[in-house]
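Right after this note come the structures.
Next, two complexes with chain A in common: one pairs it with chain B, the other with chain C.
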Partner chain A sequence: MSVELISANHAAALGATLAGRANRTARGFCSGVYPITPTTECMEYLCGQEIEKGKVVRVDSEHSAMGVCIGASSAGARSFTATSSNGLAYMLENCVAAASYRLPIVMAVSNRTLGPPWNIWADHGDSLLLRDLGWLQFYCADNQEVFDTVLCAFKLAEDPRVLMPAISCMDGFILSHTMAQVEIPGQKLVDRFLPTTKVPHRLNKSAHTLGQLEIPQQAVAHRTQHHQAMLAAVQVYAEIQDSFEEIFGRRVADPVVAYHADDADTLIVSMGTIGTTAERVVDQLREQGQRVGSIRVRMFRPMPENDLRKYFAGTKRIAVLDRNISLGYGGVLWGEIRGFSDPDAIVQGYMVGVAGGDVRREHIINLLTDLQQCKTESAPKIVEVA
Partner chain B sequence: MNEPALHGMAQTKKDRSAPVLRPGNTNCGGCGMSNLLQMLSRAAEDSDIKIVIPACCAAITTGVFPESSISVPTILTTFAAGASVATGVASVAQLNNEETRVICLAGDGGTYDIGMGTLSAAAERNEDILYICYDNEIYGNTGGQRSSATPTGASTTTTLGGKSEVKKDIMGIMAAHHIPYAASISLAHADDTLRKLRFALNVKGFRFLHVLAPCPTGWKSEPAVSIELVRLAVRSGLFPIFEVFDGDHYTINIEPDFSSEALLMYLSLQRRFRKSGVTEEAIRPNIERYWHQLRAMSGRIMPAIRNIKAD
Partner chain C sequence: MNQKKSKPLQNKASVNAQLPGDISLPLEIRLHGRGGQGGVTCAKLIAAVYAEMGLHVQTFGDYGAERSGAPVRAFTRVNKIVIKNRNKVYRPHHLLVLDTALLGTRILDGIAPGAVILLNSSGRLEEFSEKFADYRLGIIDATGIAREHGIGTSSVVIINTTIVGAYAKLLGLSIEVLKDAYTRLGLSEDMAAAREAYLNVLIQQPDTAVTGTAVGGELVTAFPQVKQQIDHSDDVPTKLQTGDWSTQLAGFKDHLAPCNYSCPAGNDVVGFIQALKTYGSDRAMEILLQTQPLPSVCGRVCPAPCMHECNRKLMDGAVNIRGLERWISDHSELVLKRKKAGKTHSFAVIGGGPAGLSAAYQLALHGHHVTIFEKEKKLGGVLRYGIPSFRLPEEVLERDIIRILSLGIRSTCAHPIDKVEMERLYEEHDGVIICKGFSDTNTLSVAGEDLDGIEQGLTFLSRRRTDKKATELSGDVVVIGGGNTAIDCARSALRSGASSVKLIYRRSRAEMTAIEEEIEDALREGVQLLPLRQPVAFRGVGRIAGIVLAEVELGEADIDGRRRPLVTKQMTELNCSKVLLALGQENKLEMLPDHWQISDARGWLEEKTLNVWCAGDCSTADGTVSHAIGSGRLTALNALANVDGTEPLVDEISENSVVAPAHIRFSHFPVLAPHQDRHKTVDNYQNNFDEVNLGLSGKEEAERCFSCGRCTRCDTCLVFCPEGVIYRTAGGYRVDENYCKGCGVCVAECPRRAMELNDKESREE
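Entry: the complex of A and B
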């Protein structure tokens, strides 16, 4: 175990490298990569690594990057890629395919606003494009979490009860380019944590065809299997947390990260780095005697509904902070979790930090002041944080 | 013309024990791709092959899950991802020291049009892939729309009066990538086709094969004359049969007679050329221009002598 001062981009790439090497005794590691701000350093770092029985293909587009990952994974190798924003949008068609093939590909996403007009700053709208495709989704709040989540994502994605692709998201620049201390385990520990990749339906000797035509009944059967496997991933993740703790001696973060939530009458719910700012706000307001707590939704797919219901029970006021906007509706997170609260609770949606606005403590405090004055829930509010 | 006999492409002792394309598949009668897969069955008699098929007729050929008309491990990919998925499969085979030949089987839409960028990139990286384009000169799967492989004068559902532009020169494009091997294949010349398939299967690096694949449904021709149509396309010079090694060494394999008879017969046997009324005079300059360039590239100013050893 060593401690290194690295960016989250490098942390993700290092996680993938260690995971890749861990599969050297099986079918190896193969990755397709293509640069895009702010994920470029992740793929650059990966290109610079020596990976035994590993190959990193420098392809012509994100579409091809996912294509290579699909080919590699369908041939039984461990596979990883990284992208952002329009890169993810360009890759999307193959993301659909990767999920439907049930291939355990892991992807790091540095969240960035979709363009044009061009904007390179953080917004969750890019990875949320994958919301309904059958990808496991995690939103991280610090560099250590990015590293840990990449390792856990491989284990979760490759679990025979789950078997589907996963993405680990980090806010562009806010995390992707920020250097912080990250505990890096040695290869031997990672080998113990990550068993070799087994893709049971890989292209092998038998003459089966992947991705064929299906009639509606077959498609529904496959979707049902996929949906159930996704729901089962919550429990599998809990097992992975235990295994992670046993091997690395520390616990990887929960699907829902709660901060002073148990006795709170007001909750701030968010994803990604806004969550850590919210925790500082909680500290500040608790000093003033206010019973405020923070909920950070780390696992977004599958949605950890039971955990959220548990924390929401008895809470009267909930501010949902979305760093995204589903035009014509409101924040995506708000839309998804408003049904989990008590019927008489006010669940107010705020779209804050959209398209890269810098969300600071005073912004969140202002939102809470607004929430306290609400008599009833109103339409989600777009908050400018310039 | 000295053409080898077709000597029956039915299942024989020389073929793979299980044909690549199984009996009972749903391909149209007279489909060029069916013929190609029959020949591949013989050429890849004892090779370990895996097939990558982007969206195209061949993807439909495999049939409905869980049965498959293709008897080797196969993955169907998105339209533009044939060459990239094949890259992944081939890379992993290479990492594991396997002798697997990864074949990407794509139509002209997935090759000339939507998959062009992916194909070009895989060729530039010289991935260890055998890329076979079966070119039926339309989007056959969607009912026959114009592609950049559609020839001048051909009616499609999106060029009702006949296409006015010239067919894209795919062999020129692939040769310009200086890949180890690129060749055009005539389904009417079985010996030449088998030789090229066998050679291409065993070359390392990126190999490209261009196959003119008649589509009776889209070409509005009789299924029984498909092979004859290919023969006429070759005889007339419309579909040159040649191979390119490393992008610079050109060899012309079959010398056309450039006869008006062959060209007119080729046009008249397909109703797709009827509406535009495209004439020999309109097409001839294109043929001549292409052959002029081909002769220059192959270093021959005289007609090539056929020098293919009979199988």
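Entry: the complex of A and C
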């Protein structure tokens, strides 16, 4: 175990490197990569690593990058890629395939606003494009979490009860380019945590087809299996947390990170780095005697519904902060979780920090003031971040 | 619920051991610099230093600016516990400014009195002490130190590792802490610079007596209230004037092409080639004739320094400029109209060679009366009597001379000028310009030089033009020299019946001053070159029979860059029946009346200036037609200004404005080999004095001109502008200042350096 001062992009790449090396006694590691701001550092770092029985393929596009990952994973290799924004959009068609092939590919996404108009800053709209495709999704809040989540994502994705791709998200620049200390375990510990990759349906000596034509009944059966595996991932993740703690001596963050939530009458719900700002607001308002708490949704797919229902029980006012906008509806997170609260609770949606605004404590305090004044729930509001 | 524990990091010294008392945690640091200075890495380095002390750190850049030189911010936070704050730093405790030109923008926002400010400046403490009295101020010339230590490149000095040394001293941190951090980051090599900054930083403690004058002051930020979604539709900042972000603005500016810069005649080379390309030969001729009265001549015999300097030379071969000049002169009948002078003056020009013709031409063009006095029977000087007709046919020379004379210039030929005549001309005219050219030819001063059959090359060439019979040769001919006259003599001798022609030159072929193409022509025609040989004696009884040659080695380079010949004792003998000497000429002004003197090309009588000027070889001794033309023109214009009592012509050119190969985007131009002059193939040169070089077959060569430094409206800037804020106008293009972010992409992409980036700071102040 060593402590390194590295950026979150590099932390993700380092996680993938250690995971890749851990598969050296099996089918190795293979990754297709293509650069895009703000993920470029991640793929650059990966390209610079020596991985025994590993290959990082620099391709012509994100679509091809995922193509390489699909090929590698269906041949039984451990596979990883990283992208952002429109790169992810371009990759999307192969992302659908990767999920439906049930391939345990892991991807790091530095969240960035989808263009045009061009904007390189943080917005969750890009990774949310994958919401309904059958990818596991995590949103991280600090460098350590990015590193840990990549390792856990491999273990979760490759679990025979789950077996599907996973993404680990970090807010572009705010996290991707921030350097901080990260505890890095040695290879031996990672080997213990991550057994070799086993893709049971991998292409082998006997010929078979992946993703062939299906009649409606077959398709429904496969979708159902995928859905059930996704739901099962919540419990599998809990087991992984235990295993992680046993091997690395510290516990990886929960699917839902709660902060002073148990006795709160008002909750701030968010994803990504806004969650840590919310926690600082909680500290500030708690000092003033207000019973405020924060809920950070770290695991977005599968949605940890039970955890959220538990924290929402008895809470009267909930502000849901979305760094995204589902046009014609409102924030995606708000739309997903508003049904989990008590029937008489006000669950107000706020879209804040959309397209990269620097969300500060004052912004959140302003929207909490607005929430206290709400008599009923109203249409989601956009919070201007100057 | 699982809170992340903020336990101390492992293997670290205890926090307080190394932390000076006046650093309190949590600590926030903001850094301002310019892209390329290493600002983000500097913030990282500072973070690494605190991390070495076992503290939690966080560091990040503020990204968005897309180019080196653009203002950049970077942040570092330090605390004893895990840092949750993910916002930018709005109220820094420490502020580092890597470029003081940035001061004055909003970089002091949020700085409270007592804060630490470190400036990278070569200035003195006093320059800043009043403005920053409320702060603990440090000044360090990090750029100077880093440059001395060779960190970065000479143009882009990277100062991050240096300035951190000053930062440590300002904070009272130990240099040992830096050492560990630098070693860990692999920057040990830069420790010497950091140490120098540590020792040399100038520090001023905050003046506690001063209050309320903090330049940074309180940061006032209004946080907008939460509104309904629908309310925002009106709030969209439709006019986000991105031009406000920039410190620089792109603009269009002509730069000097190397061909124009190097043309001794002062021709607008780019101008006439582009005019030929776009409009045809008459428009090109119109530009050419402004400075060049003899385009048909120079299009054939100019050594073309423009082609040596042509930026295209480094890509696929220089543009055949001489060929294009010839093509224009052979395809245009255009004559410029004589301008009307405010007050008409009369001038006498002595000498009808290229300098005299050029001076007379400019004077006549400006509407003045000119008479040329020529000692030979016809005008032309060296052009007529010194250059053989296979290079410059008589009718071609006539064509240029007729055009010149058509401006109303009178000429008096066969009229040598002596001292008496000189004084008469001076009395009768408002000004006299002497363009008599070279006079005496150089000799070798070796034994036997007076033997029959040894002749000055220029005399031979002159006789050849006037009396072909008398110059018929036979047997083995030797020409001595390495310039154009030597080549002309050799080729003429070949055509005059010589059974062999050998060219003796004391240096190597690379040092020969003759036009390269002419040397090649001579060799092709059968002239033998014997370089590195020096004649030491002529042998024969009454008549030349042979030459004794010493072999030569090349020594150190002379002042002119050519290697000095060193004569050895190794001798050989060469039989010959005729020797032509082409060893250059001297210039003397034997026609000057007593007491007249020439200084700086101007006539003086004791302390008084005379309206007498010298131009061409008799003044400058440059020895080429184009130099003579340039000298004639400038002298004429200068004389006019003098006579009119106006400001003399000033021709100041900055080397910096000349377009260098590095300015050219070669990738914008397709590779295209130069169009070569066509040559007539002749089986036997005997008595054949027809022009050999037939020139270009068309004007396509003009397409190859890069148009260095001059906009061709190629639209590259408009196409590459990421903001789409360059617009076509009647005269060229316009950059919208309100939206130009100063990214410099257009300037970088301009294939020909017709643009530049200008600082906006001076305009704002």
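To be clear about the criterion, the second predicted complex is superposed on the first by the 386 of 386 C-alpha atoms of A that agree within 3 Å, B and C clash if a C-alpha of one lies under 4 Å from a C-alpha of the other, contacts with A are read in each partner's own complex, and residues count from 1 in each chain.
To be clear about the criterion, contacts are C-beta pairs under 8 Å (C-beta built on N, C-alpha and C of every residue); 3 or more make two chains touch, one makes a residue touch a chain.
As the structure is a prediction and not an experimental result, all values here were calculated from the model.
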Do chain B and chain C fit side by side on chain A in the superposed arrangement, or is it a clash? fit
Could you say whether A:Ile247 touches chain B, chain C, both of them, or neither, answering first, second, both or neither? neither
Does chain B (first) or chain C (second) touch A:Cys69, or do both, or does neither? first
Using the superposed model, determine the angle chain B, chain A, chain C defined by their C-alpha centres, to the nearest 10 degrees. 70
Determine, under the contact definition given at the top, whether A:Asp142 touches first (chain B), second (chain C), both, or neither. second
Looking at the overlay, does A:Arg27 come into contact with chain B only (first), chain C only (second), both, or neither? first
Based on the superposed arrangement, let me know which partner A:Lys55 touches: chain B (first), chain C (second), both, or neither? first
Just how close are chain B and chain C at their nearest CA atoms in the overlay, in Å? 19
Which residues of chain C touch chain A in their complex? 1-5, 9-11, 44, 47-48, 51, 56-61, 63-64, 82-88, 90, 221-229, 232, 235
Of all residues in chain A, those that touch chain C in their complex: 1, 3, 5, 38, 120-121, 141-142, 144, 171, 173-175, 177-181, 250-251, 253-254, 257-259, 261-262, 273, 276-277, 279-280, 330, 350, 358-363, 366-367, 369-370, 378-386
In the complex, the residues of chain A that touch chain B are 27-28, 30, 32, 53-55, 57-61, 63-77, 79, 93-94, 96-97, 101, 203-215, 218
Under the touch definition given earlier, write down the residues of chain B that touch chain A in their complex. 18, 50, 52, 59-60, 62-66, 68, 70-78, 80-81, 83-96, 117-118, 120-121, 125
